[in-house]
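Quick heads-up: structures coming right below.
Shared between the two complexes below is chain A, which pairs with chain B and chain C, respectively.
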Partner chain A sequence: MSVTSDQSPTRQARGLSLGGLLRNEQIFLIILLAVLIVGLSLAAPRFMTAENATAILHQSAMVLIVAVGMTMLLITAEVDISVGASLAFASCVVMDVINTTSSLTLGILAGLAFGGGVGLFNGLVVTRLKVNSLIATIATMMILQGGVFLYTREAVQNHHQIEAFSLIATGYVGPVPVPVIIAALLAVVFYVMLNYTLIGRRVFAVGSNPKAARLSGLSPETIKLVAFVVTGILVGVAATILASLLNAGQPTAGRGFELIVIAAVLLGGTSLFGGKGTIAGTILGVLILKIIDNGIIILRWNQDLQIIVPGVVIILAMFLDQLRKGRTDG
Partner chain B sequence: MVEAVRKPAADAAGPIIRMAGVTKTFPGVKALDDVSLDVMAGEVHALLGENGAGKSTLIKILAGAYRMDAGTIELDGTPVSFEAPADALAAGVKVVFQEIALIPEFTVAENIFMENHPRNPAGLVDWRTMRQKAQALFDRAGFALDVDAPVKDLSLSEQQLVEISRALAHDARVVVMDEPTSSLTPGEVEHLFGVIGRLRDMGIGIVYVSHKLEEIFAICDRATVLRDGRWVSTKPVAEHDHHSLIVDMVGREITDLFPKTRHQGGETVVSVKNLSTRNKLADISFDVRAGEVLGFFGLMGAGRTELAKAVVGYDPISAGEISIGGERLRPHNTGRAKALGIGLLSEDRKEEGLMLEADVTRNMTLPSLARFARAGFVDAGAERARAQTFVDRFRIRLASLDQPIRTLSGGNQQKVLLSRWLMYGLKAIVVDEPTRGIDVGAKAEIFAAINELAAGGLAVIMMTSEMPELLNLSDRIAVLAEGRMTALFDRDEATQEKVLNAAIG
Partner chain C sequence: MQQSADTAAPAPARKADHRLFRGNLVALVVSLALVIGFFALATEHFWSLRNITNVLGQASILMCLTAGVAIVFISGEVDISVGSLVAAIAIPLIVIMNATGSLALGLGGALALGLLIGVVNGYLSVYLKINSLIVTLGTLFIIRGLVYLYTGKRAIADTVYLESFFQLGNGRLWGLIPYPALVAFALVGGLAVLMTQTRFGRKVYAVGGNAEVARLAGYNVRRIKFTCFVISSLAATVGGILLASRLGSAVHVAGLNYEFQAVAAAVLGGVSLAGGIGGLIGSALGVLILAFVSNGLGMMSAPTEWQLVITGAIIIAAVALDSAKRERA
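Up next is the complex of A and B:
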């Protein structure tokens, strides 16, 4: 927050030396990614195999799908903490609706509608009731975490035996897993949307100066509401993949999912304070976190490090970002 | 303790503080030029001048917040140097600024002893002593305040008393009050005058900064008038009357920054009838014609910005109606206002105008973006080309259209924001303090641009607190005081004196 405004001369000097290299934070992320890949390849030959690379992409897909929406939401200067809880609930809904209707389409639509509905609820609470989005969506998370147990005590098992359903998560098109294709398509759509369309430009305008946007005739509330709903629908997409992957609707799934998503987006250089962010950065952020995850497993390190290391990486990345800014602000 | 160190005033007849030859230059502006001010013990000394006359700069130098370029400050005849606010405070000079700087969550007593909490032998805050000392202060000055009340529960006038108590806790000998009545009710003003009287009886010298002439005649002993950063006069208030004070304040010929142009008013574009808002404005009506500049003058807190924001649909209104080009602004929002063809150039560029991190092009095209879109996709080439035409037209100095706007000077930023609305193409524009924070050279260019807008058939509503700007640019002049319109002049009948009289209300 105020850290950048108060740069001591020594910090600035260090920012200068590092800054040349790190001026473009995407370059910094690419370097970090390269270092991880080279390091892990040397440490564990198994890392650099086609199967492992596919596995990493597969694991990244669900996070990336929600992260592209979260990127847009953060650019409007809002955040959604309820995506993990919504993911679990929606996966139960998807499975339940397919079980009762025997229709894959209806199940998927129900998942999307549930996610979108949660987004709409969050968006209305934030834009109409003027509740801070961090608080509002933590509250929604609690409501959903409790609510899903009212809905179902246990995992919703697969009773429908629809072949195509399991292919959503486990199918391949050529060598590429289906979820990776879905994630890649969404990333492209959001990249184009944010950079080249009217909607994308308005998203940035609302985040960088909501008062100026309003004076220019835009409605920041409407744009933020849309961003919440879209993020929610993407949670529905991820929930369908999750249900297919687990072959069940699992009410306890998705714990901590929101943290991984938000961490990846922030690592990718999107600002919590709005007006700044890129899909390319978010992709890099997701890949870095998931490769670290993978590396810890392959190296047979203590599994608890899977949570600890990303935490450390985020602090480091934010610190380096401050150094970088010290150069431009100084 | 502080009391033990301080000497009694060496010579009761001499001034406590004497400032002489004070000069201060900011980039592009000479804010103060050879200004003098002396404050005697037990006097209330008025410091007067128009906006921009240098009052604020002078008291900030006295408070140690600014360093002067030349001049001297003497305390009891001994030269002193105030390098920082702490030095001024240690010398017994305390300024009560308009924006009160208290910590809302802390109690009254805590706020009073913010810099020097009494400690007990263990080094912890001695709450009991602190409360007792605060209470003793209140008894001495006759304040009815609860030492344990959190400051956030206090009214503005009570918070002022806390600020004054802080001055007393520092054993202040000179208290400067910067427009202390600007947000007080008449009853609270009465009370404050009582407090000032008691401070005077305690031998404290008071510098009283205000626009309101009745207040000067009610409580001040002497008055120093500044104009354009220069000292004009220091006289006992008894030797002044209303007229002579105003003449001292504005008694110069306003030099034309550019030749006056008279605009032929076309048909009525903006029509405001009986407009009121919940917080400030009451029953305001006016019309503005195409090609005309209607200037609104008002002192601080008169409601200029509130009016500007209400007219463009940004702030809600509680009564009345606004029509643009014959159509009502309903629903009352900025989207409808823009569609009808009215927009605001805000007084606060950073807060309400600029997207600081975004580039020049994106800042300029914000309201017009839909024009550059085909099937939802923005044609960036057309957008840049259009932006470039405005950069050329207003000679906006920049290295590249892709430059972040925060790297431009204030004047160039203002031209980009003006271009923002020109590109969109309005029927009427509201400009609020269009030259605030802009250096002298760029000011003339902004004036020229506003003139050009009117010449091009736009209805221009200009909010300003700068007299020269008002008289040079306006075809008609409306005056606001305390949220009401108190006068409407044609350019020919308006004089500085008439306008100021109406503004004082």
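Up next is the complex of A and C:
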């Protein structure tokens, strides 16, 4: 990131550092993905079926929806650990509001508003009270984990029986599950936004060099605040899908979700220190982790490996990244 | 604490930190007194020797973890693998004790595994230069997964019932002070002396304050950071041993989320994520404040979930106040 000179933090930084470096990173991820797919197809014929491919995409959708927001947030050099707890709480809110109002629209809006509200809270604490985002969002996570049980002791069951509601998670448009379409649309929107719009350029500018961004008239605080709120709203979207999938608002859901999301984003090449990251990388990261998950099930391996393998994968990916950087620097 | 502030000379900003340190400790002690005072007045059973010592016993495990996590923070790195470590080290402890009937061998096994985890974390973070948050996030997953694999998600019970092992986590000195609290105090005290009164401690502050300057001053930055990871894992191992004794078994879900609580307590106690700032006495006070709040709320028969909510709120408030203070200074 040393290339981010004082004068033009936006264009130049991305031209130099992202262009060359990230393309390599993504090729590496694509190769990893290909190896996984080929290996699993050979090891388990059941892997290469349309149903299984759909299942993998289906499972990837919820993670990807939050991961695109997290990518943007990490590019601004902040992080949100509270997304898992917020996901669980928001899914209860969605179900509860639909139960009481019998309105699907109001329920979904309530979920989005809840997620966005949590994002706003996180963003205000980080940008106005100047609390490190890792700490602030760990604290928010605790508040939400406790709060959701004060809100409801048990799962909020579906009392409304609105048919359209269950279609959110289980419906198909042609051969494609609805959540996959939602995730794909969001990924495209964020891809375009980060790469081709002024907002995107500001996000990168703020993350790679906040001082330079401030000197060129941007407000890092505002952009970070927006990134938190957007991530929160996306959690609301994922929570709606989750509630539909489980046909209930589940206060214990979402444990560890934040770690999977962050692992996928980091695996995709987004930097923890801001200023660097891509949606394409994040998509690859999510797919790799979910295909590994799927492979473990299909090969009938012990499911406990589902938490070991991602751990190994992120450390390994970061190590290889480090090696490559070492080579380009030297 | 004063000494470290003065002698970790490379950064001239140390003087200001020095003042903050002391102010911080006073503020923490006052906060702790206020918390205890409030609950003593507000609830009936809080202010008894039995309850106060109980809380000390309960806080002992987190105290050990937090001390280690704080040292790694001060060195400018992060260790969030300690929650899984707590579950992992109980396995050799219980298994070896069951097989040999010897507490010493069991403790040796636990410490050996803790040492191994610290070496792996340190090696990956420091020598292979992988970001330590990612490394320890990874090992947090990996260790927990291995624990599930090994135990088949069932607790391994202690079958030899050694009195000494039971006493370690549950006994009381003169029937009053819980042994685990004594162990935790001794550990925190020892590490606090290490950090403030020895050359090693001063080097840790220097490295965390500004690694580049410390390197130019001739310090072996890598070795110092590596040592901090090992210390953190060993301190967490001590906490894990105390927990295993209290539970009487190796429980596969033991220590879940402890990493977050330890981070929270350390930060509440004035340790900065940026490195070079804070101390072990402060972080121990942070643990005690959270423990007394949690106990007091229980005494007021508030639902246990309030504890999480209030803990979160306290952390945000404390860090916000701290950064406001720093901006003025």
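The definition used in the following text is that the second predicted complex is superposed on the first by the 307 of 330 C-alpha atoms of A that agree within 3 Å, B and C clash if a C-alpha of one lies under 4 Å from a C-alpha of the other, contacts with A are read in each partner's own complex, and residues count from 1 in each chain.
Operating definition for what follows: a residue touches a chain if its C-beta (ideal position, glycine included) is under 8 Å from a C-beta of that chain, and two chains touch if they have at least 3 such contacts.
On a predicted model such as this, the values are computed, not experimentally measured, just so you know.
In the superposition on chain A, no contact is made by A:164 with either chain B or chain C. Contacts of A:305 after superposition: chain C is touched, whereas chain B is not reached. In the superposition on chain A, A:202 contacts chain B only, with no contact to chain C.
Look at A:263: by the touch rule set out above, it reaches chain C but stays clear of chain B. Of the two partner chains placed by the overlay, only chain C lies in contact with A:141; chain B stays clear of it. Shared-chain residue A:50: touches no atom of chain B or chain C.
By the document's definition of touching, of the two partners only chain C reaches A:322; chain B does not. With both complexes placed on chain A, chain A has more residues touched by C than by the other of chain B and chain C.
With both structures placed on the common chain, the touch criterion links A:173 to neither chain B nor chain C. Contacts from chain A toward chain C in the complex involve residues 81, 125, 129-132, 134-136, 138-143, 145-147, 149-150, 259, 262-263, 266, 272, 302, 304-312, 314-315, 318-319, 322. The touching residues of chain B, counted against chain A in their complex, run 312, 314, 333-335, 337-339, 343-344, 346, 351-358, 362, 366-367, 369-370, 373, 376-378, 380, 420. On the side of chain C, the complex with chain A involves touching residues 124, 128-131, 133-135, 137-142, 144-146, 148-149, 153, 260, 263-264, 267, 273, 303, 305-313, 315-316, 319-320, 323-324, 327.
Taken together, the chain A residues at the contact with chain B in this complex read 196-199, 201-202, 204-205, 208-209, 211-219, 275-276.
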